[in-house]
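Below you'll find the structure I mean.
Per-chain residue numbering starts at 1, and chain names A, B, C, D, E and F are given in the order in which the chains are listed.
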Amino acid sequence: MPYVNIRITREGGTTAEQKAALIGGVTDLLRDVLDKNPATTFVVIDEVELENWGVGGLPVADYRRTQAPPA
Amino acid sequence: MPYVNIRITREGGTTAEQKAALIGGVTDLLRDVLDKNPATTFVVIDEVELENWGVGGLPVADYRRTQAPPA
Amino acid sequence: MPYVNIRITREGGTTAEQKAALIGGVTDLLRDVLDKNPATTFVVIDEVELENWGVGGLPVADYRRTQAPPA
Amino acid sequence: MPYVNIRITREGGTTAEQKAALIGGVTDLLRDVLDKNPATTFVVIDEVELENWGVGGLPVADYRRTQAPPA
Amino acid sequence: MPYVNIRITREGGTTAEQKAALIGGVTDLLRDVLDKNPATTFVVIDEVELENWGVGGLPVADYRRTQAPPA
Amino acid sequence: MPYVNIRITREGGTTAEQKAALIGGVTDLLRDVLDKNPATTFVVIDEVELENWGVGGLPVADYRRTQAPPA
């Protein structure tokens, strides 16, 4: 009876179809690799505002600017 | 000093009174079973959008349709 | 289909019976307050080493010493 | 930069190869469905003792006994 | 490659600058104390509605009223 | 009343002193940036086995080998 929590940044374009593909894909993976029963596999997706997610010591939007190639 | 995280689907009708009942009930349970001090017991409720919660490999709304009895 | 995560300090004496009482009690609470189905209610207990839990800016064992009444 | 937490019961036989298959599979899924960069995708697996996981109001081992077919 | 989750009550006034200060501060701390690489340190901030957070067996707003000094 | 969860790989050498430094540092940060009360700030550190943490689609140990500079 696995519980899977997927946390991603909320970026405007994640559709219900994409979320369904994540839910189905993770559930299949747990069945295939560990023989877990899909009926008792929970998948919960959290969408996190960009300003609430940090990497490299910076909020994501600022971090991405540091990674952009120079013009 | 327990920390309890309750994750439920957001379905429109969870009232502040129901949330207070969950908070009080879990805190009492930890005091009664483990003698935990209510003053340092945290309870955090997360309400998750239906399309972000999956079970049986499907988003909850789709899953429920598969469980409905035939007419 | 709730998911509940209870995090407590590991203090040597939490028995399987006490854990079962927490699992049963939280599941009953969610059924009574929100009409959630016990069959799809998950409860996961995490026991955390004392030196890994902090409050008041101190590991729990140190914190407790600051709270002890003077002799 | 997704963060994925997979929580499963610890049942003695989960191998390093199976864990690697979960890590690879979830990372591929997030790349395929949402174009997420594998280099900044974290996957963390938590293995939870059977007596610490409940469903149906019972610890997992007790719950399974209620689900077993009669002889 | 640490993952840090900061959960706070949402109280209207947390600015993007304050969030950036939390992200930078935690990342620096992990580098200074454990030599963790900022490039693979994630910090995720969750803001929780007041009525969804409980302490002392009460929702936060009610709890604060019990702590207020008498007039 | 913040709750902070720090998840790091377990690599043998994290001492109680380092954990206390993380607990104290995060608590100070929340007080300095958001005026949060240390007495109601919880910090919980989870140490995760190397084979249970993945990045870049690989368990950490394998990932590090791909990052090592050539001799």
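Just so it is clear, a residue touches a chain if its C-beta (ideal position, glycine included) is under 8 Å from a C-beta of that chain, and two chains touch if they have at least 3 such contacts.
Keep in mind the model is a prediction, meaning the values are calculated, not measured.
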Shared interface partners, meaning chains that touch chain B and chain E: A, F
Shared chain contacts [chain B and chain C, defined touch]: A, F
Identity of the chain that, by mean CA position, is farthest from chain D: E
Between chain D and chain C, distance of the C-alpha-averaged centres to the nearest whole Å: 21
Chain centre separation in whole Å, for chain F relative to chain E (CA means): 15
Sites on chain D at which at least two other chains make contact: 1, 3, 7, 22, 26, 40, 42, 44, 53, 55
All touching chain pairs, where touch follows the definition stated at the start: A-B, A-C, A-D, A-E, B-C, B-E, B-F, C-D, C-F, D-E, D-F, E-F
Chain F contact footprint on chain E (complex, rising order): 1-9, 14, 18, 21-22, 25-26, 29-30, 33-34, 36, 40, 53, 55, 60
Contact footprint of chain E on chain A as seen in their complex: 7, 48, 51-59, 62
Interface residues, chain F side, partner chain C - complex: 16, 19-20, 22-24, 26-28, 38-47
Complex interface listing, chain C residues touching chain A: 1, 3, 40, 42, 44
